[in-house]
């Protein structure tokens, strides 16, 4: 059975498999476990072989999901705890050595709010490469970090993956972090879930146009993908609402190809994407630069 | 029968009434007629008494709808023809005298694209009041036009209608044009319909918080409201999609209170709102300043 | 002797008087004193009667100048100390009672960086009026603060002072704070000095077009003006540079009417104006709301 | 004699040489000529050998200057005529063959208005590469044009010339156009002169930090540099003003190292840079795509 509906989240792909598969079937090639840190729920889905790939429609690798409702609801102290949690997951997935350099890539279009997760993250990431190289006496303890925002295809005429490949060939970083907005299948996860995957990403894969991947195979260095779902598709929304209202139990597939020119996003999308971009940027900063504080980051970025 | 679902368009309110009323019932207190100008379809709904008010849930007055699909599809020459059509309707609804002054109010929040129809219009409207007063030798043939953008409530702490009332009391214009984004009940009308109403407007009325009206009663001068629907609510979308897909025939009411924190808007909303703001601004300019050309407006605004 | 050259700072007007007056002359009608708080130098110039008015070209009142070099140089902890110092001066000049409401007006044009002090301050000021009125159980201990940004004349066709008068008549605040960019006569003071004056302000007075004042006489309530010089005029710059270089001792008056279409501003103007807008906004917040912390403000504004 | 003061314009370097050289000296290795097109004055300075290089402090090559006062003053029809004139000069300097592809690079920082000539041009340049490749049936007659904006060094950590080299190696265009803001030595030329040079450019060369060049040697393909001066330095302004006022005849060198942290720019810089970015973008579009009209460009970019 192949997954046909649209989700970028491994944790959802697994849910969908379970809903649709026969009860007695076991999901082979996939290991999942839950944990918690600082009060944030973390789910890890590991796809270990091609049986798992086939079942979930995603490549072999590790997918970690952090639930960030507390941050979006702006509970007391949630930002600090959430950024530290994210930094922790980033560190454990990247396994960087001292002195390694990192390129952070913000995908997406800043002018379209639900697509601005990458650009907003880029603005909250400390660019240190030139400082470390020119003023090692002051910045020598930091990692060298460069940041690029890939404009969308239409604004440069250059295909995203090719553009990033060119930058990587020039800078030769030891690792790449690529940040993008995702699509989810459940309204409840929109803007409330961060997924980290060591498999890289295929930009805009959900939108149906096959583009080149951004991953270790294409770039030659490890790629950590960080994403947050900011939209559901209209068919998903419709199926969710109709089922919730108890009118009829529907799957999004039943409604495929309807409402395809619409996007569905939270009313608070502006505030949400601002919070998320800050979270991911600060999480990256904390993970990459040993003993830095949130206050140091505030000062550096202001 | 009172209308409970959400639409800002009189033409839709009438449709809904007809769908739900018994076939033999006649809609009293409402006169409707279709016409065409420059290839654009125009529908006029007149609510003539309180029977019409009750049936359609809107105050007595004239509601004119122009279908602007050609503009949004960027057909050849559509902008010019559409702006002239709009100017024509504005002129016929406002009945201004020579020398009358006008205040144009752009409602909404520029930072949220589907809510930016008012601010975008404001940017495309020629501000002439100070020029006419200070350089009558050059600008004396133009009408005196002032423009304000009401920030949203949260950014000033001042309630919108009260703020506009204060400006009107100060400037004493002969008429007010108020421009806002609306909500519609049909996906197909989103960004494709302009409604003009001589009844004024209740800002954010659809969102359920009762605010003071902006109309002739509250401001003391005639108020023309111009609006374009840019969002549908999630329940509407869901009902539309489910019915379209032939799964079940639903009314949005069946799904009320679901998906209420989501907005549904076209993928092309940025381009659409830019086109619409330019259309309304240019339409207003053409209507208010006798023998001006589109080229003059381009020059003035650039 | 009347002052003819361009400065908005009382402290400079006094300096200029002293440079040009005969040594034996005493400056009557003016009292000046220096003090210090939190390491910031504070100068108070009081113009006590019309002799002082004539000599300095400014109305009777109190003008307090805080030197903020440490903030602009981003010394450790400077922001906190500087905001508290500013709050302290604001409190002592405004003498508000519990429950008093305040209107904060940001003058200037956000699109022109050196003119954006007012708009940037507006963005950093907590708008509480609607919250206090609607949710007194949560916000009842705060003062009611409203914020308006007056667009520049050309964007609305409405004269600034008249616009603010209309808002004041509507809101009936107990006091007004008006924030604007100023001009200085010394390069060294640009972006490094905050002036507070209980005399109000004449918007754009330096640019030579007489506009209506914004002060207690015109608005009917006390007006505190807060300003920071962000530009020098070209003649001032030229005279300064020529004198510094030891080439010739010149006064700006010798060069009047040259370079009048140019503005002179620091290379770092973007960062400076961002810092200044944040400083003034936070200073206002601390002064108006009893026991609030910087952290509370961060949270409120984010 | 080596030129020590700051100008990016060959035509000014020549003027300065002539002011300072003895009357009887002939400027060897430089050919200059004036012409006119569509009412715009055009000056061509050709540096033909190393004597010219030494005298003017610029590499061998052709430097064409167009005076655009009419555009900035917004005379009737000036935009059309000026864009056509510019397109004509671009065409004659680039000598492209049918089917050649071009990379347009906008240097500078959009957030700092006088530095935004490159980014504004980028926004007004038609990106066609992906369209020609994917929809040759519709766009096959156009040249393939890609556009990149190089962020400033501090926002990416990547050195500009290296970044562009990486993009060129990836895209392999047949030619590069690089657009940047320049510095001039005369106030009167600010925002009123476009310089085109077939020598490429050294980004930020005037600011004194030696960076890698962007030219045929470094990129391997011909590079056309297009620039407009938007700032003068403070010493230049001071010398100009003092001399204009008849106070003393000074050269900027006499005042070197004074006012070095200030920038001097026209009061109308926002409008000027908007006009200039549109001019250069439209000029490039007209030059690169055979039979396109201004109306086509408007439609494409809107």
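When the chains are written out, they are named A, B, C and D in that same order, and each has its own residue count from 1.
Just so it is clear, a contact is a pair of C-beta atoms (placed from the backbone, for glycine too) under 8 Å apart; a residue touches a chain by one contact, two chains touch by 3 or more.
Please read these numbers as outputs of a predicted model, since none were measured by experiment.
A.B. asks: With contacts counted as defined, which of the two, B-D or A-B, has more C-beta pairs across the interface?
C.D. replies: Result: the pair with more contacts is A-B.
A.B. asks: Given that chain C and chain D are copies and touch, would you call their interface same or different according to whether over half of its residue numbers are shared?
C.D. replies: same
A.B. asks: Quick one: which chain's Cα centre is the longest way from chain A's?
C.D. replies: Relative to chain A, the chain whose C-alpha centre sits farthest away is C.
A.B. asks: For chain A versus chain B, what separation do you get between their C-alpha means, in angstrom?
C.D. replies: Inter-chain centre distance comes to 39 Å.
A.B. asks: Roughly how far is chain B from chain D, going centre to centre by Cα mean, in whole Å?
C.D. replies: Taking the average C-alpha coordinate of chain B and of chain D, the gap between them is 44 Å.
A.B. asks: Hey, what residues on chain C touch two or more of the other chains?
C.D. replies: Touching at least two other chains: none.
A.B. asks: How about chain C: which of its residues touch chain B in the complex?
C.D. replies: My answer: residues 127-131, 144-149, 151, 153-159, 162-163, 165-167, 169-171.
A.B. asks: Within their complex, state which residues of chain D touch chain B.
C.D. replies: The touching residues are 74, 274-275, 299, 302.
A.B. asks: Which of the residues in chain A come into contact with chain B in the complex?
C.D. replies: Against chain B, the touching part of chain A is residues 111-113, 187, 190, 232, 234-235, 237-238, 240-242, 244-245, 247-248, 250, 254-255, 258-259, 261-270.
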